[in-house]
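Just so it is clear, A, B and C label the chains in written order, and each chain counts residues from 1 on its own.
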Amino acid sequence: MDQPQPMNLPMDAHRRSGAFPPEVIAQIQRTATEGHYEIRGWGAKRDLPTFDDLLFLTASLTRYPLEGYREKCDTSTVLGTRYASKPLQLAIPVTIAGMSFGALSATAKVALGRAASAVGTSTTTGDGGMIAEERAASRLLVYQCLPSRYGFNVDDLRQADAIEIVIGQGAKPGGGGLLLGQKVTDRVAGMRTLPAGVDQRSASRHPDWVGPDDLRIKIEELREATRWEKPVYVKFGATRVVNDVKLAVEAGADVVVVDGMQGGTAATQDFFIEHTGIPTLAAVRLAAEALRDIGMEDTVQLIASGGIRTGADVAKALALGADAVSVGVAPLIALGCNSPTYWQDGSDHDASDGYQALGTEAGYCHHCHTGRCPVGVTTQDAGLEARLDADRGARQVTNYLKAMAMETAALARACGKSDVHNLEPNDLVALTVEAAAMAQVPLAGTEWIPGRQDKI
Amino acid sequence: MEPVILSCAELSTREINAALAALPDGASARVLEPRGRHNLAVGLSNRVRIDIEGNAGYFIGGLGDGPDVVVHGFTGWSVGENLQAGSVRVEGNASECAGASSRGGTIVIEGDASSRTGISLKGGTILVGGNVGHMSGFMAQAGVMLIGGDAGDALGDSLYEAVIYVAGTIASLGSDARIEELTESDVRAVKALAELGGASFGHVQPENVTRVASARGLYNFDALKDQKY
Amino acid sequence: MCGIVGLHLKNPDLQPRLGELLTQMLEAMTTRGPDSAGIAVYADRDPAPAGHEADPGPDQPGPPGQELRYSLRSDETIDWDLLAKRIAAETGRDLRVEPLGSDSAVFVSSAAETSFLAAVRRAAPQVTVPGFGRSMVVVKDVGAPAAICARYGIPGWGGYQGIGHTRMATESAVTTAHSHPFAPAADLALVHNGSFSNYATVRGRLARQGIRCDTDNDSEVAARLVAARMAEGADLADGLRTVLKEMDGFFTLLVTTRTQFAVIRDSFACKPAVIAETPDYVAMASEYHALAGLPGITGARVFEPMPEEIHVWSR
C-alpha cells in the first residue's frame, strides 16, 4: 500500500469560533446523544474576573514591612461572636467548606478532618448528614442544615460545633442538591432515607420555612435546641448579595457565608454552574459593604468562598472585608483530585486509565458525579476508594493549608500588618476595569474606581 | 407528681424551654397563655408530657426526641418538624408544613392541616383528622400519613417510599404519585393508625381509604421518557 | 422581610378602639420588621358638602367639590401652614390643615385630585403624599413600630378599618420611600408580604401606559396595577385577579378601599397569612400572635386563606 501523502492544511484550518468553540460543539453533540443537560462536578470553568485581577501594594518607602518569622503576624480567627456562647476559635482564616459524604468518600472526609484538626480549623458536613468518622477526625465540625434535610437529626446537631443553614451555594443558587444513582450506595441511601440507587433529587427550598422573616424564627428554633451555644452561619450563593446579607443578619445569623459563582459542586447541571451567581470577587466586596452599611462588620463575621486557591486569594478576600475563607475544590486537589497518580500499597500507580475511561485526563477532570473518581476522592466504590490513603491524604491537605496560611501572613507582613485581619481594600489595586468595578479598588496606576465620582 | 406550671405571660421562650429540658423522665408540665408563641418545647429529649394550653406559633415540638406534647388549640407552621421520637398532638388545626421532615414519632392533627403537610417526610407518622392542603406529602421519602378528610392539589408530588392514606377526596395527584390497590395489610395498618389518632378519626373506614404511593417513575433521570421536571 | 396586619370592624361599638387594637397588632409584628412602619386608617369623616350630586361610587375618586384628605410627609422640617396657604392659592380652593406630627400633616381640600397633587409637587418637591382619600389617612415613619404609634397618638385614633405594615430595611438610606402601605389612588391602600419576581416588567408596562412608580419597590407596582384596573372600572376583586394573573412570585396581599377589605395569597401560598373572624370584626396578620390580644379572639374562627382565593369583606 502507498504511504498516505501528508496534507498541507491552510494556515487558517484551525480558525476557532468564539460562539461555537470545540467545548460548545462537544456539549451540543453530547446533548443530542443523551437527550438531557450535562451534569458535572467542579465550579465555573470559563474565564471570569478572579482574585488574579487584583494586586497588593506592598511595602515601599511610606509603608514598612514586618520581618518574616521574627515579627509575628497573627492568623487566628474567631467565628460566631454575636450570640453563641461557644464561638469557634480557629488558628487560620481558612475553613473547609461543606461537601457531603456521598459526594465524597468516607476516606476523603476523614483525611480532610484530620488535616483541619492538625492545622486548627474546621470542616463542614454536606447535603447528606454527619458521619461518625468525620466527627471523630475533625476537632471542629460545622453541621449543615439544607433544604433536603438528608441525614439531618437532632443528635448530630448537638454534637456539632456550629450550624450552617444553607440557602444555596455558588455553583447553583436556587437549585437543590444532586447525587446520581451510582453513588447512592446502601450506606449513603440509609443516611438519606432513600432507596439505594435512585438519582437523588433535592428540594430547592427549605421544607419548614421560606423567607427571611421565617428564617428568624427557624434560627431561634435551632438555638433553642442547642442551648444558644453554637454559632449559626447562614450560607447562600452570591446573587443579590447586599439584600441577602442584611436580611440574614436581621434574621439572627452569627456568621454569613457568601459563595461566589466559581464555587464547586460534585454534581450540578453545567448550565447552572456557568450561568448563575456572580463572581466571588464582587460577592466578597458587596457582602463586606452590606455589613458595614448596617454597622455589623465587627459583630457578624463574613466567610467568603468560591474558587479560593492560594494564600494570595485568601489575603485578597480578607483585604476586601472577609473574616475568613472557605475552600472546597482546592483541598480536594491537595488530596489527589486530578493527580496523574494515586498511592496504594506503598507505591505510586498510574491513574490515566481511570481518567481516560471518563473521557478526560489529569488536569481536566471534573467528573465527580460519575462516582468513578480514579483517585478515590469522590467515589463510593470500595475499590476506587482504596486508592486514597487517609494518612497520606491528611498530610497533603495539612501541607496545603499550612502553606496557604503562611502565604497569607507573608503578604500581610509585606503590607505592614501584624494581623492578617488588618488587611484592607486600601492595600489593593486592580489590573482590569471589571475587577476595579467589582472589587471597588482603583485601576493600577490610576485613582479611578469605576462608578465612583469622588477621589479615593 | 403535680405538673410544673410555666406561663408565657411571665417567661421567655428560652426560660420555658430550659425549664422543660430540665424535667426528669416521667414528669409533666403545663405551658399557659401561649398566645401564638413560637418554638415552644423544641429540641427536647426527655420522656415527659407537656400540655400547651392555648394557641401556639411555629415549630412547636420541633426537633423533638422524646416528649409527648399536646396543644390545646391550634398551631402555626411546621409543628413537630424533624420529630424523631415521642409525639405532638394538636387539638385544633395546624398551619403549613405540619410534620415537615419528621423521621420518627407521631404527629396528630385533630382538625385540618394546611398545605405541604408531611413535606420531606423521613419516616415519621402523621395523622390528620380533617383536610390537608396542596402539595402535601411533597418529596415524602419514608413514613406514613393518614388523612381523615380531603387532600388538596398535587398530593404526594415527587413521592419516594412514604405511603399516604386518604379517607376523603383527592383534588389531584402530584407527579409520580399514583393510587394503588388497598391490601389487607393496608386496612389493618389504617385501623391501627385511626385508633392511634383517637376520636377525630372515628369516621375513617379503613376498607374505604385510598392508598397513594410512588409510581417510581422519577427514580432515575431519563429525558427520553418525557419526565415532568 | 416584613409583617402585615389589618382590622376591619363590623361592630361600630369597637370603632373608638381601632387605633389601640391596630397598634397592638403592629407592635407584635416588630419581630418581622423593626425599622419602619406604615399604617392606613379609615374613619367616617365629615359628610360631603350640601348640594353635592349622587356619590359616583365607593371606589371611584370624587369629582371636584368632593373633599379629600391628603396625608403628607416631609423628611425635612417644613412649615405646614405656609405650604397650605400656597397650595390653597394655587388650586383656588380652601384648604384645612389637620396636624399629624411634626413630619406629617393632613390637608383637606376639595380641589381635583390631579391639580392638588401637582401643586404639592411644584410647591414642595421634598414632600411625599403617602396616601389620600375621603376616609383614609396614611402615616409612614422610620423607627420601631411602637415608637411610631406613640408619636402619632395612634392608640387614640378611632375608625372602621385599618391596615399596617412593619419593615426591615435593606437599603442604607433610612427614609419612608419604600415603606408600605402603597396608596396610589383615593382610599386605596396595599400592604404586601413576599417578593414579586417579575415586577420590573410590569412596571415597564405600566410606565408605557403613563403610570409611573415613585419607587423601585415591587409592592408599589402591584398597588399601581390594582389602581389602574380600578380606574378602568373594575372592582377590587377584579384588580386582585389581575395581580394573580400578571404578577409572578410569592405574595400575601392585604388591600383596602373605602368600603372593602381583601386578602389574597399566590398559588404557592408560601407567605403566611392568618385571618380571625368574629361577629364584631375581621382581623388579618402574618402571624397569629399578632391577633392573640384582640377582644373575643378565643371564640374567633381562625383560618388561613387558600391559595389564589380572594377573600373580601365589604361595609
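In this text, contacts are C-beta pairs under 8 Å (C-beta built on N, C-alpha and C of every residue); 3 or more make two chains touch, one makes a residue touch a chain.
All values derive from a computational prediction rather than experimental measurement.
Participant: Can you check which chain pair, A-B or B-C, has more C-beta pairs in contact?
Facilitator: A-B
Participant: What chain is the most remote from chain A, judged by the mean position of CA atoms in each chain?
Facilitator: Ranked by distance of C-alpha centres from chain A, the top chain is C.
Participant: Averaging only over C-alpha atoms, locate the centres of chain A and chain C and give their separation in whole Å.
Facilitator: A distance of 45 Å separates the two centres.
Participant: Roughly how far is chain B from chain C, going centre to centre by Cα mean, in whole Å?
Facilitator: 38
Participant: Give the residues of chain A that touch two or more other chains, as numbers and ranges in rising order.
Facilitator: 214
Participant: Two or more other chains in contact with one residue: find those residues in chain B.
Facilitator: Within chain B, residues 38, 57-58, 77 contact more than one other chain.
Participant: Send over the residues of chain C in touch with two or more other chains.
Facilitator: Each of 270, 272 in chain C touches at least two other chains.
Participant: Once bound in the complex, which stretches of chain C touch chain B?
Facilitator: Listed in rising order, the residues are 269-270, 272, 274, 287-293, 302-304, 306-307.
Participant: Give the list of chain A residues in touch with chain C in this complex.
Facilitator: 205, 210-214, 216, 242-243, 246-247, 250-251, 293-294
Participant: Inside the complex, what are the residues of chain B that reach chain C?
Facilitator: 35-38, 55, 57-58, 74, 76-77, 93, 95-96, 114-115, 133-134
Participant: So in the complex, which bits of chain B are touching chain A?
Facilitator: That would be residues 13-14, 17-18, 38-39, 42-43, 45, 57-59, 62-65, 77-78, 81-82, 84, 97, 100-101, 103, 116, 119-120, 122-123, 138-139, 141-142, 158, 160-161, 218-224 of chain B.
Participant: Under the definition above, what is the set of chain C residues touching chain A in their complex?
Facilitator: For this pair, the touching residues of chain C are 1-3, 31-34, 168, 170, 172, 193-195, 250, 270-272, 286.
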